[in-house]
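Following this message is one structure expressed as structure tokens.
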Amino acid sequence: MSSTIKKIGVLTSGGDSPGMNAAIRAVVRTCAFHNVECVGIYRGYQGMIEGDFKEMGPRSVNNIVNKGGTILKSARSKEFMTADGRKQAYQHLIDAGINALVVIGGDGSFTGAEVFNKEFNFPVMGIPGTIDNDIYGTSHTLGFDTALNTVVEAIDKIRDTASSHNRLFFVEVMGRDAGHIALNSGIGAGAEEILIPEEDLGLDRLVESLKRSKLSGKSSSIVVVAEGDKIGKNVFELKDYVEENMPEYDVRVSVLGHMQRGGSPSCFDRVLASRLGVKAVESLLEGKTNFMVGLLNDKVALTPLTQAIKGNTEVDRELLRVSDIMTT
Amino acid sequence: MSSTIKKIGVLTSGGDSPGMNAAIRAVVRTCAFHNVECVGIYRGYQGMIEGDFKEMGPRSVNNIVNKGGTILKSARSKEFMTADGRKQAYQHLIDAGINALVVIGGDGSFTGAEVFNKEFNFPVMGIPGTIDNDIYGTSHTLGFDTALNTVVEAIDKIRDTASSHNRLFFVEVMGRDAGHIALNSGIGAGAEEILIPEEDLGLDRLVESLKRSKLSGKSSSIVVVAEGDKIGKNVFELKDYVEENMPEYDVRVSVLGHMQRGGSPSCFDRVLASRLGVKAVESLLEGKTNFMVGLLNDKVALTPLTQAIKGNTEVDRELLRVSDIMTT
Amino acid sequence: MSSTIKKIGVLTSGGDSPGMNAAIRAVVRTCAFHNVECVGIYRGYQGMIEGDFKEMGPRSVNNIVNKGGTILKSARSKEFMTADGRKQAYQHLIDAGINALVVIGGDGSFTGAEVFNKEFNFPVMGIPGTIDNDIYGTSHTLGFDTALNTVVEAIDKIRDTASSHNRLFFVEVMGRDAGHIALNSGIGAGAEEILIPEEDLGLDRLVESLKRSKLSGKSSSIVVVAEGDKIGKNVFELKDYVEENMPEYDVRVSVLGHMQRGGSPSCFDRVLASRLGVKAVESLLEGKTNFMVGLLNDKVALTPLTQAIKGNTEVDRELLRVSDIMTT
Amino acid sequence: MSSTIKKIGVLTSGGDSPGMNAAIRAVVRTCAFHNVECVGIYRGYQGMIEGDFKEMGPRSVNNIVNKGGTILKSARSKEFMTADGRKQAYQHLIDAGINALVVIGGDGSFTGAEVFNKEFNFPVMGIPGTIDNDIYGTSHTLGFDTALNTVVEAIDKIRDTASSHNRLFFVEVMGRDAGHIALNSGIGAGAEEILIPEEDLGLDRLVESLKRSKLSGKSSSIVVVAEGDKIGKNVFELKDYVEENMPEYDVRVSVLGHMQRGGSPSCFDRVLASRLGVKAVESLLEGKTNFMVGLLNDKVALTPLTQAIKGNTEVDRELLRVSDIMTT
């Protein structure tokens, strides 16, 4: 591949997710494969502003394909939201001879990339890295599959103790704006109810549903709740409400928290990261810019960054239906 | 849904795979949801011949969504290959009032279902359950995703000891006719080479590639080999050949074996099983027959059983390329 | 073994813990081995009061050695604290022909067993089942080892995200009265500080220690906090205090919660459960009563129930020292 | 602590085992705690001969407590068996200012340490690192506990498929000279038979026992076989023999292999490694030499290297009995 691009920078930005390291590795090795230099930029846009760079060759990324987190670290940068900050960042890139950028992160990171591109006409390519799966233009974001496995394994453990004691558990999972984690892990873990930001079940219907479940012979129950569930009560308030209305139930709460972001990536996320990393670099070398690489219909595909940022990812109505039927 | 179908039988057949239990659960609960009776048939077609049946209600399948194996057990049945055997099986179904069948298994099981349908005009629906992912009409078979995670976790462990000792490991994974497991797990585990039935790398190029990898600074290597790899040598012969030609390497072999078939299913496989189970039952209730339910472009879709059986599933050339680039 | 004991009852009581099922299995099979009948009592003492019994043979406990929770379920019983309740329970045992009891649980359960023995001269034997490891007379309670693995695996995941973002995490683990889980998992997970009920580090020294750790070059930190830590602040108050005094740190909290009680038991817990189950039954058959079977100096040994209940289990000062040195 | 020892070398030797990294970390940090320098020696004795050293401070061992393998790598060294080799090694130590040595490994490694000590009066301290648990003077070697968990998790998976198909599996686990892994994992995994080097069950009794197990209602069976089992047949020959004598059984073989050596260490192994590392360094600083630090009766204790090397570790007869009873 002949290209005017001779050196590519790669960074991770926003919340970290499993598979980011595998994506960094893929970017670095694809650069090496095409005889293009590669530079790791530490701590996202903040490191770009500070010139916190490191040359990376194929051996720099040995033994990271299976590691959680990001070896390049991540950070949120307020400075990058200012024109001055971006100017400094640009100058550092130029000084280092970097002439294209791969940004691994979520929609906030992509917005930064787009603004940066517009101001300096600098080639950028996005890779969706977030456990929330809330990016338009890809069926799966990096880390989503791993997070689902982490969640169902945790709920499997909670179910052991729930069913030993005939208890009801509210389990809060990540997802402030999107119910993808809750919906999929809820089905996977056999939850009796799933509360997500996209749907308002209503407190009364929740209690009704739990009573029906109890009547049907279930002695214990798991309710999976997304952080941003529509009912608008936090998981401890839900517990109080249900205990008041179902005194026969011993209710407990578990907030799974940040462990959902970590851990060794699943095979799916490792393979996805490898595919997206290859495509991101090769797309830049082909002269493309301002796209996100994603997975659509099982194929790697490009989506304009603008769409990736603005597009909605709705939860699949089919999954909502499957969830209903499974709680028969 | 109104339908002439009042009682559905469900069986698992052929090699077991993680997610089969979740699929059984989905079939049983979808029947209950639609007020249709459901009967579990033990040990596949053999149990059908012997009338080894059990009524199943929604509570019969509590706490199995996360269990490996199949509570209905599986078996291969020679008797079912005879007209007499199938006649007995048919009589048992009729006697039990069963008027449709969900078959969870691989292409051998689907062939049985198709023959049975033709002979007795008996409604059948297939769900692809095999770790090999070698069924046409679905991007993922039940158990494939779980098996990949099992394999990469095992290879991650092997890599610990490989890199501590600067060793080369040949790791044999399942896949007599198809390289899907080898190719995906090889990329996921960061293998230096991947040998699959679909491609003949050749022994000389294998050794060359390993030498290049060593020269590039890698001190240890993993080669993932599908059971049915094209080179046609088993994994122990490969070891001997490489040791002869690369005396500098300490070579070891690991055959992962049957643990690949077991284990608690991944969230992906549990959700897939739930979706396919719902679709299988509802398709029967809609009067459809002789289809396999599968996942195509992330949507649940039907494929005629004949196609599912005869169609080829080729390995994705893109993945072969990604694999090559990753070993830079 | 000849004995006047012909039928043994087994129950689980109090909080469930991984390994309880393996212990039930061991009790049931040891009974069968000695041609003694065995009866499972559901829901602890409450089920004893209600006569909720089930005959158990060696095949009743197939495939449970690796399952978390307890197939006999557990419950706390207020009724058993009354003389009337215990009298009913006794009558049910007599009616069922049960003439000895194995109680798997913690010190509350043992207190119940002792009172019951005194009132009715009924042979009882205790097996320590609790994740907290706070029972005198055994180096390990059933479930402690498994819970430690669950905790370190969760913290390993949290560390991925902590070190990607240079964050400080307070991780709350179980242990209202005892710091065994916190101390061991803290060392195992490489925590920078460990706060336990047995020691008052003091808020000032905590902050000092974290500052020292930061100065030494650590960019992220994990502090493991037992529920009942001596500082007397809950984990969210700790976060607030540290954020106020170390504004340079981005602090997060994770409460691991009930998942610590569940999960497939570790090999250690399965073997321990098997050994204790054998010893409990054989001790009863030898005419012993009012003991707890435990592990002392790697050997199975008996401790009088009274001592097991009253004795203190102190945290090992050596471990505190090791923890200090490891945070150098 | 005042001591003539100012710089301590640490190496790993022989087969690697999970927990070696945690032990290296503990040695390095204990040195730092006592203001003693620490040097990592790569590739065991071979690296000592070649002067392959690296200064290590407390931050050199960040984030390795949970990693399998050994960052110092391991190797077997023929050269170290010669007086010349050892002389070179000694010279390198002297040149580097190293005046004491911590050797993490098995009995072969300890023999090397002892010879080296005798020739040069050089202070040495051993830490038992091997998954086989065949070292006298410690109840647990580093990695044994982790390997047991790896094995039972693998067998749990195999059991899923075994019980789905009513099959008999021979599972070979590590242990050429010692049956500790086989015996403990066999009990933990609920194996029907366990074949170990220390006991000759005999082929006839094996078949008898399997027949009895089948008659008792078990439909599938797992036999755990140590590599060096006394019957003297390898696991494939066992399969053939049993198939000939029990044609009703479908027999399969699984050789778990090198994955048993890898993986993230269990909490137990991480804590043990930390305790042993502290004790090893502090014992050297107290002027002690030629000991192995181990765990005896749950306390860290010293055993003369000579005894550690020569002493026998017998399998616990109690465990053999427990195993028998569990297969009732």
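Going by the order they are written in, the chains are A, B, C and D; count residues from 1 in each one.
Keep this in mind: a contact is a pair of C-beta atoms (placed from the backbone, for glycine too) under 8 Å apart; a residue touches a chain by one contact, two chains touch by 3 or more.
These numbers come from a predicted model, not from an experiment.
Steps from chain A to chain D, minimised over paths through touching chains, total 2.
In this assembly, the chain whose C-alpha centre lies farthest from chain D is A.
Taking the mean of the C-alpha atoms as each chain's centre, chain B and chain C sit 39 Å apart. Per-chain Cα centroids separate chain A from chain C by 35 Å.
Look at where the CA atoms of chain C average out and do the same for chain D: the two points lie 28 Å apart.
Residue numbers of chain D whose C-beta contacts span two or more other chains: 156, 159, 163. Applying the touch definition to all chain combinations yields A-B, A-C, B-D, C-D.
Across the complex, chain D meets chain C through its residues 25-26, 29-30, 32-33, 58-59, 62-63, 65-66, 139, 145, 148-149, 151-153, 156, 159, 163, 184-185, 187-190, 216-218, 264, 266-268, 270-271, 274-275, 278, 297-300, 318-319, 321-322, 325-326, 328.
Listing the residues of chain C that touch chain A in their complex gives 12, 15-16, 18, 20, 67-70, 73-75, 150, 154, 156-166, 169, 252-263.
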